[in-house]
Amino acid sequence: MALPIQYNLRNVVVRWRATLSTILGIALVVSVFVLLLALARGIEASSANTGDPRNILVVRRGSQAESGSLVSREHFRTLRYFDEVARNEQAEPIISAEVVVIVSAPRIDGTGEANTLVRGVTPRGIELRPQVELIAGRWFQPGQREVVVSRRLAARFAGFEIGGTIKAGQANLIVVGHFDAKGSAFDSEAWMDADETRAIFDREMYSSLLVRPRGPEAATQLMKRIEDDKRLSLRAELEVDYYSKQTMTATPIKILAGIMGLAMSVGAVFAAMNTMYASVASRTREIGTLRVLGFSRSAILFSFLIEGALVAAIGGAIGCLMAIPMNGYSTGTIDFQSFAETVFEFRVTPPLMLQGISFAVAIGLLGSFLPALRASRLPVIAALKSL
Amino acid sequence: MTRLTFIAKNSLRNGRRALLTVSSVAVSCALLVTLLTLQRELTVPPESEAASLRIIARNKVSLAQPLPAKQLATIEKIPGVVAVTPFTFFGGNFRDETVTSFPQFAVDPARFRELLVEGKIIDGDYVEWVKDRTGCLVGADTVKRYGLKIGDRMRFTGTLYPCDLDLRISAVFQGTVDDRGLFFHHKLLDEATGDLGTVGTWYLRVASAEAANDVISRVNAAFANSSAEVRAETERAFQMGFVSMWGNVKILITSISSVVVFTLILVTVSTMSMAIRERFRELAILKALGFQRREIFSFILAESFGLACLGAGIGIGGAWSFWTFIDLQSLTRGFLPYFEVTPRIMATGATIAALLGIIASIAPSIAVGRMSVVDGLKTLD
Amino acid sequence: MAMADEPIVSIRDLYKLYRQGEIDVTALDNVSIDITRGEFVVLMGPSGSGKSTLLHIIAGVDRATRGKVLVQGINVANLTESELADWRNQNVGFVFQSFNLIPVLSAFENVELPLLLTQLNRRQRRQQAQAALELVGLSDRAHHRPDQLSGGQQQRVAIARALVTDPVLIVADEPTGNLDAKSAADVLSLLKGLTEQADKTVLMVTHDPKAASFGTRSLHLEKGEIVAG
């Protein structure tokens, strides 16, 4: 026969002082854990959300990122006439030769400068990225020193508001619009005309080519053809694959979350143990009485485990609640591939919260196991004698 | 028996609880020290005196934008400049590695000698390097890490430049703040890339720290309104700027550290109150025997302080020895080369633990202060 | 020094009122007594009669609502909390029903405990504690912890602890309540011996008539008043 859960609930309430500190401690541990995972989730989401499975990205063989890649105009011309490349209604090949440069710009909070990734794109390039949507102002005019920046970048850099100016050496780029890239990697970019970019930044070569093949078979063929052509020394892969490899940046955060979660939970388990042991000690007589009434050892063990799990689950839920306000909060750090600042959001998702609460329950069970075992092993007589 | 033994006996009376408390304080302190060290590692670049004598000039647009090689002639003539060399980050992957695990720079070896102020040649010959166009000067840390020696070949795949390098070790240096770097002939890079006529940055040495500001403004002014405007700053300022790119990571670590501290306080406070609550009647007896209120406070304080400090000692000492003896550089593939637990960080941890001990004794002391002897004695029957 | 015939404890018009929930309770109602040096006074009465309260007030752990409590000519009621603590240490020895030894300390250390508050050095403390333990006949158990001693032995350690500071007054609250007949007799003889040989004054609360027979004088309390002297 098991003890009713109301028994545990009442005990938790009666011993509220000790319970409260345990709950709060677990809540803090869980909120840190959930927030770190939410951050990793945000980084992953930004990479996962980037790219179209129908597109192929071409960069120089050996380069790790677009920013370190160089593609010559000859290569661009060669690829334009490959059969595998799709064509639009005007019979133009759907291929965008783009330039990626890094521009240093002042932060809006006055804490110095940070690098921004500026992408020189073509109209084809904009068509190939449907997740990028203009939300304010207008697109840049070809041949003009105009730039459209991501809404999230605009919140972080000074002069990125519409009508503002981005200084790039001698050139002044006028911000004419804001776009939203739905949390993708493009949310960390500023876009302008490709040829104008090459002129301003004195770039003979392009950084990358974004290509739309005729279909899935054509895509495989095209990638193989580029890969096999030693003269090109280019690397082609699906745009989605390219960006999912950039999720590398989420790994340190995940490791950090793991280490923090582990170390903090060790502390939390000790704290929960302490509280539960004290609870068992002060209820020795009560436990003896329960045993005399006929409750079995396992009922007592189970009951204390439930109590520990209950307290921890409450703490876990509070921890998740504490993390929720950070959902959607965007933050930025350096991307070691491009040395530009990447922006991403905390994503506190329901599965993450569930993970947080499970984590809390695990802490609770772990912390209450030994005290519960002790409670269940108390000799009935000793329990009754104890004052 | 003395008061001290009395306190010690009381602290350890519930061995399990003392152990749990000390362990949770120890784990939290170790965590805190680790976080503070991580934060320092990411945000405070290693300092060297000679760094104030060195200036880095980069393109004003960004570090990634190259500078024309012809600027050299102008910079050389600027008064106060003792030496200047091109300084270009190559960013190659060594052997079959997939990341750039240590930095390589293209420099002018003859000019670079003047800039390698702290570095001593511990193996090979600097002059040999100057003569050998495919030679390179390597830091002692890298040589040791890969088990290299003079004359060994080092192959690199370029990630930023469309060329690969095949270098031969001419000399090994040691004594700089970062003994991982590798330096090679800029001419070799120019040949490999088809002579672009550009350099990454300029690396300058000035006569004195006082002259640095003048030189900086002169360099900046010399190329103002040219097609390649320059941003010159001291090596230290350059490093700080680089570090600031971490952005919100610093805030993130700071907030986690505060949560850790807060949790730590919570755990210790609740344990302390628990320890005192279960001894209420004994404290009443002590009062009846004539112990003053302040003496009882001091017992509680000493107990809480002692447990907190014991935990801190174990945690901080453990973290120190762990991070000192573990080879984090190879574990993180060069990402965290030093991870030095400084005395300052350890002192911060110890101070927090000491404060913790004091804070944790407040609530139980108040409770005991309020208790009258008669009430305390009543709880026994 | 107080004169031999002068009372060691002198109580005049003592009242103790307290609130229990909504009701005012009179624990002591106009109590006046004198106790002289060397007396073994037994306080008897039903539970709730105020005998423990009277004991607590005389011992300086509780305060009266009104009235005078002179112990060796000092009005205990006028002392501050902190003066009272020192005063207790020097003048009063406590013996409780449930012994109340500190469980983590050995018998010897328990006896030594009150001496930590005095100016005595380590050697003097050891000597006094040793002497007190000898007096109660437990020097061979000096290094046992309370849970390794029988009830009677624990109570004798408690008496040694009460004696060790050489107080004039020893107060005992039901000292035999938790003991078997044999141990109870030992403890009572010990207390009686203290009054006869060491000239201590003992004030004991009990409701056991057998224990009361060891006293030199009995006081009966009922509803806060002394009904028989």
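All chains are identified by letter, namely A, B and C, in their written order; residue positions are counted from 1 within each chain.
Criterion: a contact is a pair of C-beta atoms (placed from the backbone, for glycine too) under 8 Å apart; a residue touches a chain by one contact, two chains touch by 3 or more.
None of these values were measured; they are calculated from a predicted model.
Averaging the CA coordinates per chain and comparing them to the mean over all protein CA atoms picks out B as nearest. The greatest centre-to-centre gap from chain A, using C-alpha centroids, is found for C.
With centres defined as mean CA coordinates, chain C is found 64 Å away from chain B. Rounded to whole angstrom units, the spacing between the C-alpha centres of chain A and chain B is 25. One simple way to say how far apart two chains are is to compare their mean CA positions; for chain A and chain C this gives 71 Å. For chain A, the set of residues that touch two or more other chains is empty.
Multi-chain contact residues of chain B (touching two or more other chains) are listed as 380.
Residue ranges on chain C touching chain B, taken from their complex, read 56, 59, 61-62, 81-82, 85-90, 92, 94, 96-98, 100, 102-105, 108-109, 112-114, 116-117, 122, 125, 161, 165. Against chain B, in their complex, chain A makes its touches with residues 17-18, 21-22, 24-25, 28-29, 31-32, 36, 39, 60, 62-65, 67-68, 70, 101-104, 111-115, 168-170, 201-202, 233, 252, 260, 263-264, 266-268, 270-271, 273-275, 277-278, 281-282, 331-334, 339, 341, 387. Those residues of chain B lying in contact with chain A across their complex are 16-17, 20-21, 23-24, 27-28, 30-31, 59-65, 91, 157-160, 162, 164, 225-229, 231, 241, 244-249, 252, 256, 259-260, 262-264, 266-267, 269-271, 273-274, 278, 335, 380. Residue ranges on chain B touching chain C, taken from their complex, read 1-3, 6, 9-10, 12-13, 281-282, 285-295, 372-374, 377, 380-381.
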